[in-house]
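Two complexes come next, and they have one chain in common, chain A, joined by chain B in the first and chain C in the second.
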Partner chain A sequence: MSVDAAALQTARTGAGAAAPTAARRGRRSRLASVGLHAALVTASFVAVFPIFWVLVTSFKPDARAVSPTPRLVDESSVDNYVDVLSGARGDFLAWFGNSVTIAGLTTLLGVFVSSTTAYAVSRFRFPGRRGLMLTFLVMQMFPFAVLIVPLYNILLALGLQGRSLGLVLVYCTTAVPFCTYMLKGYFDTVPTDIDEAGRVDGLSPFGVFWRLVLPLARPGLAVTAFYSFITAWGEVAFASAFLSAADGSKTLSVGLQVFIQQNRTEWGHLAAASVLVALPAVAVFYLVQRFLVGGLADGAAKG
Partner chain B sequence: MAEVAYVNASRVFPGTPPVRAVDNLELSVADGEFLVLVGPSGSGKSTALRMLAGLEDVDEGAITIGGKDVTNTPPKGRDIAMVFQSYALYPHMTVAENMGFALKLRGVPKAQIREKVAEAARMLDLTKYLDRKPKALSGGQRQRVAMGRAIVREPSVFLMDEPLSNLDAKLRVETRANIAALQQRLGTTTIYVTHDQVEAMTMGHRVAVLKDGVLQQCASPRELYDRPANAFVASFIGSPAMNLKTVPLTAEGARLDGLVVPLSRAALDGAAAEGLSEVTFGVRPESLRLASADEDGMEMTVELVEELGADAYVYGSVRIGEHPERFIVRVDGRTPPAFGQQVKVTLRDADEVHLFHPETGLRLSA
Partner chain C sequence: MRAFLARHWYAYAMVLPVVVVVGALVLLPLAQGLYFTFTNINEATIANPVLDRPASYEFVGLDNYVNVLTGGESYGAFWSTLGRTLIWTFGCVLAHYAIGLGLALLLNRRMRFRGLYRVLLILPWAVPPFISVFAWRYLFNSQFGIINQALGALGLPTPVWLGQSDLALFSVMVINTWLGVPFMMVTLLGGLQSIPRELYEAAEMDGASAWQRFRDITLPGLRSVSSTVVLLGVIWTFNLFHVIFLSTGQNPHTRILVTYSFERFFSGASRDYAVASTYGVLILSLLLVFVTIYRRAMRRQGEVW
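So, the complex of A and B:
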């Protein structure tokens, strides 16, 4: 008993002596702390300022938007927003609707096609598997501009030129290869034992994919959904080439050009429209970011 | 409840040359039997189990469960449950959902699922953890959930693929006994794969030993230990391994250094008929003992003593012909010889020897 007590005593003093060292190890010096915070503040400022200034500009009249001595508030009002939303400068709400439809369909179709493809490539051995992945990689190396004419011809032949569905398919050609790569990486991290356990438990191969693998790849799905959405939402070149010129069928990014004319740019209106355009993208990101957590597949196997 | 049979079943993995992972397996398991498939890594034991589960193709032959040919039936149609080495729990489901998943897929009413899950949880001492995710469980608890998932389904066959190899030594021994008792209680046909011959001997009603995809012997643990069918089984079963040495034959028996082991007439005649001048001679460590000074025996130099408490194993070298050969002898734990000491070793009983053909490895003695 006495031996135990003595040992405890030693241990306690030992721990006491070690404590300050341990605490000091986690602490930064004052100089390092200042440097670190300065760097972070600068980086945040660089990232946030342009968006902040667009927001500021969106409330100013066009004439005040660009000034040699910029002021934060200068005859500011919500007139720009009223103008944009009321359709005085083009059918903004129709563009908005088109963009939402096209980006939404691209997201759905892109995620569905790429997740099923990625699962097949991740789990099954079939002829052409390597060739498929290689094609996906090579496809991403072409500049967009090179693709416009061939894609135009294909859409024309399919009778999809000038229609939203055609544009959705075009966006999928860029979204699917990237998303497939992304999701294959995620599916590879889900142990195949889980697939097998599911099949023994009575799932069909599609059931395994739908009820076990997809839920475990949620972070990957969130990223690919967001990527697909952004691909379609902000794109200009394909949208101006493949949609009909009628005002009512434009997407937002094409429609915004209304504010930029040959001799004059309506900065205030453009900024207000930009803010409105950015909102859905923010909303989509907000929806998917809660799935962006790691370690979903933890606990499947003895780690 | 069902009996299981492999009918000349083979699995050939493509390659150059193709690998016959399981080669012409002929094995039947009775209803309610606990059969252990054992073998070193790469012996095809897991592949054989996966063929039965439907996770691996059967390239030749057939497999039947309960008399029904299931060779081409997908896993869901075989009425089997499997416990994986990695447990393969569904990480996004709670313990209760994990255990009830198969029933849910079969469309069993919710109340009934809850009841069965609760019953299995009681059996496995998991009641407290039903609402947890697998992430929040210890290794032993995860193992029990994997067992529970199999039990809840009440399948006709349990398949277990090294379910204990991720547990620590103490828990493994405990769980080993629990699984054997559970199987006894449920009376479900069970095929259990392990590389651990102690698990095989302690759990199985019968044990099938595989090597390179070929079934070596399938018999009760006792039979396997006492009458191994060939030199491989003899060396694989038993710990420490049997002493297996190739020794010259004389008219009286097998000649070891300073000791001639008398062999039965039948064994000698058998060897003579084959035209053998040498045999592979096998004797288990516990069939050897230290001899007193005036007895005949092999001169052995002690190289290592492993003390296990009740017993001690003495590793030493004996000259057979020109070569020193290592022998293992079990001795009393309280009076082991010292390192470097010269001792004499002899047989406890001349009957406790095993003779094998030096080339084919097949058993010679009766």
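So, the complex of A and C:
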């Protein structure tokens, strides 16, 4: 199970090693080169086009968005954005704030908790370690439908129902297992000599973890932060079940669902709202993407 | 006992928060959910603290399981839904893996714009899924969607992609393939880069063809990464509810086990929690059986994990 984390890890460090082979491959024929780029351009086009098209549509008036002859620019303006942000179509800014709070807290809590767990699992051979990792694997299989009613009751009993913190805890249970596996892979690659040196110098086990190992695993932390953030930012089912119906307490994902149901024909406005929702996620993605595959050494290899 | 604690206390202190949260928010609800499958709990019989109404649901034994497993239409036609779930799961995972591996192989070469391609290709992962689904619904729209407009301009038929037909299942699989490829690509790219270069150089020295190098070095080198991501992919796709639910709603042609469970949970005034939970428990059981068989098969081939 830790292999995928290890793989992500090597993706980061392996780029330097890739250079010699890559240089040799540089001798590939012109035809092969054209084919390679053609394939990648096509794939990139398919990957980007749906998002690009929403972006284009977001500037069009609703009537133009459903035009039978689509054009890139068609009476385009920023009116849709103004409408959405001014709150004419639901309290967009409040939803946005809620989402930022919830996703941010989930990221902080999820990364912190899974890093301590991953460190313990990576370094200490304590009884129950295997059972814990197996539980995490099985947790990936839980369909939320079994959990949702009991969870509702438990959150109610804890006084967390309808509160952001309840949702944050629920999101952590979905994000933490994967993050723990991933971080365990990263910690496994940090030599234990470092821990021992730290202990000799008088640091406590927590001190070693906090001051030595955690900074070294920063790329791993970035990847897990990205994963936690995306998980919480885009989640629909739990959010629609556990947040109160008041407009001001919705997250973006829930608010936008309502927005879509109420404004079925206003494709321009829907697209503008979608772009606004996607922007923070893409920004976070852009910040961590170099850790996600290429890695630090990659800049040198002219990735 | 004291020596035991002295030796392990910091390990336990570090895992304690997770264990508490997991215990309270996963294991406890799971036990309760399991119990619900033997009752007739629904919106009318559940305890309602707001109305100050006590719970009035009763123990009904295996009735829920009998109702579901006999495959009645009013209980979601379990067996045909299971068949559709299997098509959906294995179709999607196969597409994810094949396309992800292909792109990873292409990206694992030195070339111009490599970093740019990589960012663009991972982009679908970064956009929140409900936005992507919305984008695809717009593209797939039968009247003004750009796909049908392009097909119409070429004189080809312009079907209703996300309507009441089996074509809808194909369409949601396309959407999910688009969403899932980046994860596979990233992990497989990592796997590719962990294969020692010397192996390829030695093979080339010995005159191995590109295909032979792929078959005898790349595939075996990717085995451990592949077995993990395929396992995770199957589990995630089997339980993936939002893509289908957001793109086609309650459409019997795209109904899989998880979406039906959600339908029972949320639809109408009745809110049949018992049947929803029964579906949940059946899903969990099926996945546990699958994982057991999968791991055994992997172990037989010499995989250790």
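Basically, the second predicted complex is superposed on the first by the 252 of 303 C-alpha atoms of A that agree within 3 Å, B and C clash if a C-alpha of one lies under 4 Å from a C-alpha of the other, contacts with A are read in each partner's own complex, and residues count from 1 in each chain.
Quick note on the criterion: a residue touches a chain if its C-beta (ideal position, glycine included) is under 8 Å from a C-beta of that chain, and two chains touch if they have at least 3 such contacts.
If you're wondering where the values come from, they're calculated on a predicted model, not measured in any experiment.
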item: First (chain B), second (chain C), both or neither touched by A:V200; value: first
item: Chain B versus chain C as contact partner of A:L165, first or second or both or neither; value: neither
item: Which of chain B and chain C A:L108 touches, first, second, both or neither; value: neither
item: First (chain B), second (chain C), both or neither touched by A:P50; value: second
item: In the superposition, chain B vs chain C on chain A residues touched; value: C
item: Touched partner set for A:P143, first chain B, second chain C, both or neither; value: second
item: Touching partner for A:P215 - first (chain B), second (chain C), both, neither; value: first
item: Residues of chain A that lie at the interface with chain B and also at the interface with chain C; value: 204, 298, 301-302
item: Interfacial residue positions of chain B with respect to chain A in the complex; value: 53-55, 74-76, 80-82, 84-92, 101-102, 105-106, 133-137, 139, 142-143, 149, 153, 166
item: In the complex with chain B, residue positions of chain A that touch it; value: 191, 193-194, 196-204, 207, 212, 215-216, 295-302
item: Residues on chain C engaged by chain A in the complex (per definition of touch); value: 8, 10-12, 14-15, 17-19, 21-22, 24-26, 28-34, 36, 41, 46, 49, 103, 106-111, 113-115, 117-132, 134-136, 138-139, 143-144, 146, 149, 178, 181-182, 186-191, 193-194, 197, 200-201, 224-225, 227-229, 232, 235-236, 239, 241-242, 246, 257-258, 261-262, 264-265, 273, 276-277, 279-281, 283-284, 287-288, 291, 305
item: Partner chain C, residues of chain A touching it in the complex; value: 1-4, 6-12, 14-15, 17-23, 25-26, 33, 36-37, 39-40, 43-44, 46-48, 50-51, 53-54, 57, 65-70, 113-114, 116-117, 119-121, 123-124, 126-127, 129, 132, 135, 137-151, 153-154, 156, 169-170, 172-173, 176, 180, 204-206, 209, 230, 233-234, 236-237, 253, 256-257, 260, 267, 270-271, 274, 277-278, 281-282, 284-286, 289, 292-294, 298, 301-303
